[in-house]
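Common to both upcoming complexes is subunit A, partnered first by subunit B, then by subunit C.
The block that comes next holds the complex of A and B.
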C-alpha cells in the first residue's frame, strides 16, 4: 500500500520535474528542476532496497554533477532565453516514444522469454551495502579499477581544458604564441 | 493496481527515457542538451535497479554504479570542451558548430 503510494507520488514528481527540464526556456529553471528530479529518482532506489545506490545518486548527482553544472553556467550567458529547435513536434514526440519503447523491449524480451536465474544472488542476512561491497570487490574488481582510472583521466582533462590561468589557454593559442611564453620562462630562469 | 511490479518500473523508465529523447531532439543549446543526456542515463538506472530488485540479482545495481561513474566523467570532459568552445566563439548553440560542413 505505502509502496504503491510512494511509487505513484515519486513517479509523478519525477516526470513533472524532467518535463520542466526539457521544455523550459530558462537555463536556471532547467538546472533546478533537474536537481530536484535527481533527488526524486533516488527515492525509487530506496523503495527498491538499493540503499547504497540511492545514497550514491544523491551524493554524485546533486553534490558533484549539479555543482559542476552550476560552475559551468557561470561561464555562459544563461540569462537570455534559449533558442529551440521548433520543427514538427509530432515527429519529435513520436520518434522519441518509439525509440524508448524499442530500447526497453530489446532489454526486457530476453529476460521475460528465458527463465532467468540470478547470476550473483543476494546473500541472506547481509545489508545492501555489504552485498554491494562483496560483489563489487570480487566479481567486478577490474571494471571498478578501470572506472577509477577513467574518472582520473576525466579529472585531468577537465583541469587542462578549464583550469587556472583563464586568460591564456594553450588550447586556443597557435605554436608561435606558445613558443613566446616558453622563451619568457627560459629568460626568467637564466637571469 | 496496488501491487507495484517490475512492469510499473519499466513503464516509468520508458516514460523518462522518452522525455530525455525529446529533450535531445528539440534542444539547441548544448548545456541543455547535456541535461537531457543526464535524464537518459537516470531513466536507464531506474530500470537497472528495478530489474536487480525483482530478480534478486546485484548485477543491475553494479551496472547502475558504472553508469553513474560514466555520467560524471562525461560531464567533466564535456563541460571543459564547452568552456573552450565558448571562449573561442562566444556561443554554445548547436547551429554555430558548422565548421566541418563540406
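The block that comes next holds the complex of A and C.
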C-alpha cells in the first residue's frame, strides 16, 4: 500500500515539476523545478529497492549537472522573465503527445506480450551496489571506459578554452606590475 | 509493513527533528560562549543564569519578527530557499546511526531512521543538495552581493564535494560497503580506520569545513562586503532556517566523521554510545575553535588548496589503497 501511495505521489510531483520546467518563462522557476523533478525521480529507484542508483541519481543530476546549470544562469538576470519566441503551438503539442505515446508503447509492448526475461538475473547474496558493479565491469566495460575517455577529452578541451592567461594572477601582483599591464592595454587601444 | 515498524519510524523522525532543532539553537549558545571565552569576553550573560535563556530569547525574536519579502525578488523561490537548506540538513540524518541499538520495555530500538545499505553515499548526496539553499536564495534575492555570495558558495561546495567523495572512497574500499553500520562493525574487528587512513581522515575533515561553510572557508558571507552574503535580504524565521540548517549540518557531519574514521559507537555498549557522543562533541567544538583561531582564506587560495593540493592527495591515496589491497 505504501509503495502505491508513494509511487502515485512522486509520479504526480515529477510530472508537475517537469511541466513547470517546460512551460514557465521565469528562468529561476525552470531551474528549481528541474532540480526538484530530478530529485523526485530518485524516489522511484528507492521504491524499487535500487538504493545505489537512487543516491547516484541525486548526486549526479542535482549535485553536478544542476550546479553547472546554475553557473550558466549567473550570466543572466534570473529575476526577470524571459521573452520567448513562440512558434506554432499546435505542432509542439501534437509532436509532444505523439512522442509520449510512442515511448509508452515501446515500454508497454513487452509487458503486454509477457515475453520479458532478465538478461542478468540477480546474483544471490549480492547487494544492488555490487550488482551494478558486476554488470558495469563485465558486460558494459567498453562503453564505461569510452565514457571515461570522452570525459577526459572534454576536460582537456575545457582547460584549453578557459586556460588563456591562467599564469597571470592579479591578486599575486604588486601595484606596479598591474599598472604595467594596464598601460599595455591602453597602448593597444590608442594605437 | 507492520504497524510497530511504522510507529517506531515516525517516533524516531519526530525525536531527531526535535532534538536537532533544539541542538541547533543551543549550538549557537555554545558558539557564542566558546568564542567569547577564547577572546577574553563573557559572551551572553544577561538572559537567565550564564545567559542560558539567550537561546529562548533568540527563538522568540526570530519567530515573531516580521517576515519581509522585498520587492523585485522572485517570491516563491525566495521563500522556499531557506526551507531547502533546513530540510536537506535533516534529510541527511535519516541514514546516520546516532547510537547503538538498545532495548526499551523488551522492544529493540535501532536509532537510525532508515538502515539503507548506501548510507554514506546518501548522506553526502543529500548534503550536496543543501547547496540549493544558498544558491537559490542568492539568485532570487535581486541583490548583487547576495548573487556574488551564491556564486562563491556554489563554487566552494562543488569543488570540495570532489575532495569529500574521493577521500571517503579509500575507507569505502577497505570496508567494502557503503552502510555506516558496516563501517562501525568493520572497526570493531580491525581497529579505527583513522590509523590505516590518516590522510583520508585529514582530507575529509578539511572538506567538512567547506561543506558546512564554516570559518576558514566561510566564503558564503565575505566579511569585506559587510553584508551577510546570500542571507542579506532575509529576515525573521526564514533567516533562522538558514541558521538551523547550518548548525544541524555541523552536528550531523560531527557524527559522520567519528562513525567513518574513529570507530563510531564501538561494540554497542553504553560506554560506546557515550564515546560516540564525546567524539561528536569534540568535532563540534573543533568547528568553533577553528573559528576563533583562524581568519578566512581568500577564494583563490581556497580553489588552489582544493584542486592543486587536496584533490591530487586524495587521488594518490585512493590509488595507493587500491595497490595495497590488491597485493
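Just so we're on the same page, the second predicted complex is superposed on the first by the 136 of 191 C-alpha atoms of A that agree within 3 Å, B and C clash if a C-alpha of one lies under 4 Å from a C-alpha of the other, contacts with A are read in each partner's own complex, and residues count from 1 in each chain.
The rule is short, and it goes like this: contacts are C-beta pairs under 8 Å (C-beta built on N, C-alpha and C of every residue); 3 or more make two chains touch, one makes a residue touch a chain.
Computed from a predicted structure; not experimentally measured.
Participant: Of the partners subunit B and subunit C, which touch A:62 in the superposed model: first, second, both, neither?
Facilitator: second
Participant: Return first, second, both or neither, reflecting whether A:99 touches subunit B, subunit C, both chains, or no partner chain.
Facilitator: A:99 sits against subunit B, while subunit C stays out of touch.
Participant: Return first, second, both or neither, reflecting whether A:175 touches subunit B, subunit C, both chains, or no partner chain.
Facilitator: Neither partner.
Participant: A:129 contacts which: subunit B (first), subunit C (second), both, neither?
Facilitator: Second partner only, subunit C.
Participant: In the superposed arrangement, which partner chain does A:39 touch: subunit B (first), subunit C (second), both, or neither?
Facilitator: A:39 contacts subunit C only, not subunit B.
Participant: Just to be sure I read the superposition right, which of the two partners does A:51 touch: subunit B = first, subunit C = second, or both, or neither?
Facilitator: Touch partner of A:51: subunit C, not subunit B.
Participant: With the two structures laid over each other on chain A, which partner does A:26 touch: subunit B (first), subunit C (second), both, or neither?
Facilitator: second
Participant: For A:111, using the defined touch cut-off, is the partner it touches subunit B, subunit C, both, or neither? Pick first, second, both or neither.
Facilitator: The answer is first: A:111 touches subunit B but not subunit C.
Participant: Could you let me know whether more residues of subunit A are touched by subunit B or by subunit C?
Facilitator: Touched residues of subunit A are more numerous for B.
Participant: What residues on subunit A does subunit C touch that subunit B touches too?
Facilitator: Subunit A residues touching both partners: 52, 56, 64, 73, 78, 169, 171.
Participant: For a test of understanding, state which residues of subunit C touch subunit A in their complex under the given definition.
Facilitator: Touch residues, subunit C against subunit A: 1, 72-74, 76-77, 80, 116-118, 121-122, 124-126, 128-129, 131-132, 135-136, 139-140, 142, 147, 151, 154, 157-158, 161, 177-178, 298, 300.
Participant: Spell out the residues on subunit B that touch subunit A in their complex, using ranges where they run on.
Facilitator: 1-4, 8-10, 12-23, 25-29, 31-32, 34-36, 38-39, 42, 45-47, 49-53, 55-59, 61-62, 64-66, 68-77, 79-84, 86-88, 92-93
Participant: Spell out the residues on subunit A that touch subunit C in their complex, using ranges where they run on.
Facilitator: 2, 26, 28-29, 32, 35, 39, 46, 51-52, 54-56, 58-59, 62-64, 66-67, 70-71, 73-74, 78-79, 127-129, 169, 171
Participant: Using the touch definition up top, name the residues of subunit A that touch subunit B in the complex.
Facilitator: 1, 3-4, 7, 11, 14-15, 18-19, 21-22, 27, 30-31, 34, 37-38, 41, 44-45, 48-50, 52-53, 56-57, 60-61, 64-65, 68-69, 72-73, 75-76, 78, 82-87, 89, 92-93, 95-97, 99-101, 103-104, 107-108, 111, 116, 118-122, 131-132, 135-136, 139-140, 143, 147, 150-151, 153-155, 157-158, 160-162, 169, 171-172
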